[in-house]
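What follows is chain A paired twice: with chain B in the first complex and chain C in the second.
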Partner chain A sequence: MSPVLLAEAVLFTLVVAALLAERPASLAATGLAGAATAAALGFLPGLRAALTRAFAAHRVPALIGGAVGALLLPFFLRGSPYWTFVATMALMYVTIGQGLNLQIGTAGVVNLAGAAFAGLGGYTVGLLTTAAGWPSWLALLVGPWAALALGALLFVPILKTRGHYLALVTIAFVFIFNTLMNNLEFTGGPQGIKNIPTLRILGHAFTTPPAIFGVRLPAHANFYFLALLMAGLATWIARRLHDSWLGLALNTLRDDEIAARCCGISVTRGKLVAFSVGNFLIGLGGSFYAVMVGFVSPPDFDFGYSLVMLSVIIIGGVDSVAGVVLGACLLVPLPERFRFLHEYRLLLYGVVIVLTLLYRPQGLWPVAVRRYR
Partner chain B sequence: MTPTPGEPPVRLVTQGLTVRFGGLEALGGVDVTVAAGETVGVIGPNGSGKTTLFNAISGLYQPAAGEIRLEGRPLAGLEPHLIARLGVARTFQASRLCLGLSVFDNVLIGMHARRRTGLVDAVLRRHRLRGEVRACLAEAARLLALFSSGLVDRGFDRVAQLPQIDRRRVEICRALALQPRLLLLDEPSAGMNPEETAELMKDLQVVREAAPDLSLVIIEHDMFVIEGVSQRVVAFNYGRKIAEGTFREVSAHPGVREAYLGKEGGRG
Partner chain C sequence: MPPIELLLQQAMNGLMLGVMYALVAVGFTLFFGVLDVIHFSHGDIFMLGAFAGLTALAGLGAIGIGAPAVALALAFAGSILVVGLLGVVAERVCVKPLARSSPLMTLLATLSLGLVIREAVLIFYPRGADPKPFPQLLPAGGFEAGGVAIRYENLAILAIAIVAMVSVDLLINRTRMGAAIRAVAQDPEAAQMMGVNLNGTVDLTFFIGSGLAAIAGILSGLYYSEIHFIMGVSGGVIGFSAAAIGGLGNVYGAILGGLLFGMVQTLSAALIPRGSEFRDVVAFAVVMLFLVVRPSGILGEKSAERV
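This part shows the complex of A and B:
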């Protein structure tokens, strides 16, 4: 068990150091340490196998250790509201990524409209709170259902097209969504929806900085803990769905629709279930974004974000639930570290994706064989 | 068609089965009957309509005319997954396994239609799903062990790591996992060397013994296989049934000889 906790402690230290390093010297040191760890894992299969065994043998302590680390992170980042916010965004992308991975990775339903479905959640929250006067928590719970329901608009193309053609249809959907949001009166046009009231749970407003055990944390820590809960739940559900009859049926119809049908699997039902559950999780992420940031506008949900969501899956490992977590936690904070590159830092996504597809197409954390444990 | 005592009941009947692709008639008025527990071989040159027959029975092609009945129940017009659930399983000429999934997963797919746990069980009542999957894994192991105990040991290996003969076995196990009433095997010996084909013949014998009531229809180009396993042979040419009977009768049939070898004395 101790190797598990040791490995997690090393990882946690690396993460904190990578987020907090400011001066070039400390930044370089963390970069080197991170690269050394990655190289050790990459070039020492013995070490990797030993760690895999240790983690498999002590799953519960490993999970508890991971949860404790995730809960402690805001305390280490308390001096930096900015990095707390970035960490929260990463967790939001974990939630979205789990939904998208169920669609693209598990079922092969290539949905490049992730941004639009997140936007449907976000705009629903915006409209329900500002125009209808709903409390934010209720809107946050309803937003994902709106994304799921409006996903029905794409049911016909989902069933009639596949592969590249489906990708094109969903890309078109993002642009339609953006055009509508830019031009409709009631969604605020290009201005979007401002002044979405913040969350208030049991009288605690999420804009007031929390004090936990006497430690004062930045206000964003409120959202961090909520996002942690959300991402944890999404990952838990995604994992259980993946290792179930549904996951197996979806993998089969992704690999070979004809074989799936001749094995008694309803391709229609499978695709629609995967698409809808996925949209729910993507919409949940978008709804969360709206309450956290307090306003939504068309550029928050443009096609570029669909690509970010897609890269989270590709880098983590297509169909891999654990890979989504890794992909989001790497890909969201990383460009923020390269802020000095300004807009060019987005090139990073392109470079990372191309390198992954060329040299490690199965992703950093490839999907494992189901063992139904 | 009332079953007479002593004679096995009819399992599959096609009557006037016709499949058209545009102007091309791939199957023209085909009548085939398969009894319960019978093994029927289907032969014919390339493009004679054998696989089209399978595709029509399993619902991948919609017949333009004619009837297909499984134990009296009409199949024409049903979706393939419903036909599969009614008890028609099949394999494909080119293997259609999920190469990235484990051997067990590939067999488990065949049991998907019989599952009793749903999404709620998968997420919230995990013990139910786990109990069911354990029973299915045991059943999958039993099926795989019919052919080779080595396959059971490799149950959690990806199918892509298996040799051709074992892949074919996994595909047959996947079909058997459906607990079919009728099993359609589309050229199981395709791409196999003579030793593997001999192994395959033994495997088919195993299937026969394990499920005596199962009706088997097998498309083969290898006449050695056809002669070895089938009780009755149906020959096709140009989408029509040209002969039917025992292997000896069919292989002696002038129409069949012509279809395979050309007209005798055709070149004068």
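This part shows the complex of A and C:
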């Protein structure tokens, strides 16, 4: 059990150091330490195997350790509201990524409209709170259902087309969504919806900095803990679905529809269920974004964000639930970490993704074969 | 119902847009033919074509070649050559190595490559973030026929586009190189056994497709008299849509799809209230409907895969 906790402590230290390093020297040291760790895992198969065994043998302590680390992170980041915010965004992308991974990775339903479904959630929250006067927490709970319901618009294309053609249909959907949001009056046009009230749960407004155990955290820590809960639930649901008979059925129909039909799997139902559950999680991420940032506008949900969501699940490892977590936690903070490169960072982001695809096409944390006991 | 002159005028505008879309769409369809991939950075290759043309024109102006016809011809040649070669580089680096893995990989890789191209223009082109005015080199003026204003420059754009399409058609259907491209599209392995140089043919296809996109880029600059580094995003999606509604792999289908997309855009702008704002909604809705009702496109073949 101790190797598990040691490994998690090392990882935690690396994450905190990577986020907080400011001076070039400390940044370089962190980078070297990270590279050394990765190299040790890459070049010492014995170490890797030992760690894998240890984690497999002590799953519960490992999970508890991970949860404690995630809960402690804002305390270490308390000097920097900015990095707390970035960590929250990463957790939001974990939620979205789990939804998208269920669609693309598990069921093979290519969905490049992730940005639009997140936008549907976000805009629903915006309209319900500002125009209808609903409390934010209720809107946050309803937003994902709107994404799920409007996803029904794509039910027919999803069943009729696949592969490149389905990719095109969903791209067209993002463009339609964006044009509508930009030009309709009740969504605020290009300005979007401003002044979405913040969350207020049991009298605690999420804009007031919380004090936990006498430690004062930045206001964004409120959202961090909520996002952690959300991402944890989404990952748990995704894990359970992936390991269930449904996940197996979805994998089958992804790999060969005809064979799946012959085995008595309903391709129609499988695809629609995966698509709807996925849209729910994506819409949840978008609704959370609206509540956290306090306003939504068309550029927040343009096609570029679909690309980010897609890269999260592919770089993490297609169909891999753990890979989504890794992908989101790497890819979302990465461009922020390299903000000192100014305008070059998006260019490098693209280069990094292309290189990863060329040299590690299976993703950073590829999906393991299911083991049934 | 708007007056018939307005509709005819919009149809004329749709034709102008349509030929430019068609040139981009032909590239998509050719690439799909030889490698069975969608090269998503093709839209940004189209944008590069416009910027290469602008750079060439500026350079020619600087060394004193100012005669519009000569300058334009040289700009076209230079842009086709440079952008065609860049298209081959993109294929070698990013498309071909991933062509055998899942379509998802090429999708993400080429989308990311498009991001890289866009950002590179934004950063490295002088004042790349601003829209660039494109010099007006085509003859001004025009005439009226049946209530439709026809400008000489529109006719010139149309003529250039038609020449480009006809030459590609001849190249593909009448030459040995074209026969090789068709053979690879049909069956790469059988083509190789017949002595077709597979890599060379794929390179050639990407050169031709990217060259056509370069022509479309310059034409778009001449038509709108301004170019912007972001133009490749919508250009690429529209080109892909056109190729898909025409039937992927079919060159005539791509041309037809491009014209159709342009027509739908401009006519919906005329027919629907506030249509100019919502024309893309209509156009993309038509694309979605098309793919649902006729998933293999207008001229696409019925294939056994779609059980």
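Methods note: the second predicted complex is superposed on the first by the 370 of 373 C-alpha atoms of A that agree within 3 Å, B and C clash if a C-alpha of one lies under 4 Å from a C-alpha of the other, contacts with A are read in each partner's own complex, and residues count from 1 in each chain.
As a working rule, a residue touches a chain if its C-beta (ideal position, glycine included) is under 8 Å from a C-beta of that chain, and two chains touch if they have at least 3 such contacts.
Just so it is clear, the structure is predicted and the values come from calculations on it, not from any experiment.
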Clash or fit, chain B versus chain C on superposed chain A: fit
Partner contacting more residues of chain A (chain B vs chain C): C
Chain B versus chain C as contact partner of A:I258, first or second or both or neither: both
First (chain B), second (chain C), both or neither touched by A:F338: neither
First, second, both or neither for A:L241, with chain B first and chain C second: first
Partner chain in contact with A:S266 - chain B first, chain C second, else both or neither: first
Nearest-approach distance, in Å, of chain C Cα atoms to those of chain B in the combined model: 7
Contacts on chain A seen with chain B and repeated with chain C across the two complexes: 258
Interfacial residue positions of chain C with respect to chain A in the complex: 32, 38, 93-94, 97-98, 101-105, 107-109, 111-113, 115-116, 119-120, 122-123, 233-234, 237, 240-241, 244, 248, 274, 277-278, 280-281, 284-285, 287-288, 291-292, 295, 307
Footprint of chain A on chain B - complex, ascending: 58-60, 79-81, 84-85, 89-90, 92, 96-102, 105, 108-110, 112-113, 115, 117, 119, 122-123, 126, 129-130, 133-134, 137, 156-158, 174, 178
Interfacial residue positions of chain A with respect to chain C in the complex: 104, 110, 112, 156-157, 160-161, 163-165, 167-169, 171-173, 175-176, 179-180, 182-183, 257-258, 303-304, 307, 310-311, 314, 318, 343-344, 346-347, 349-351, 353-354, 357-358, 361
Chain B contact footprint on chain A (complex, rising order): 237, 240-241, 244-246, 248-249, 251-252, 255-256, 258-267, 273, 369-372
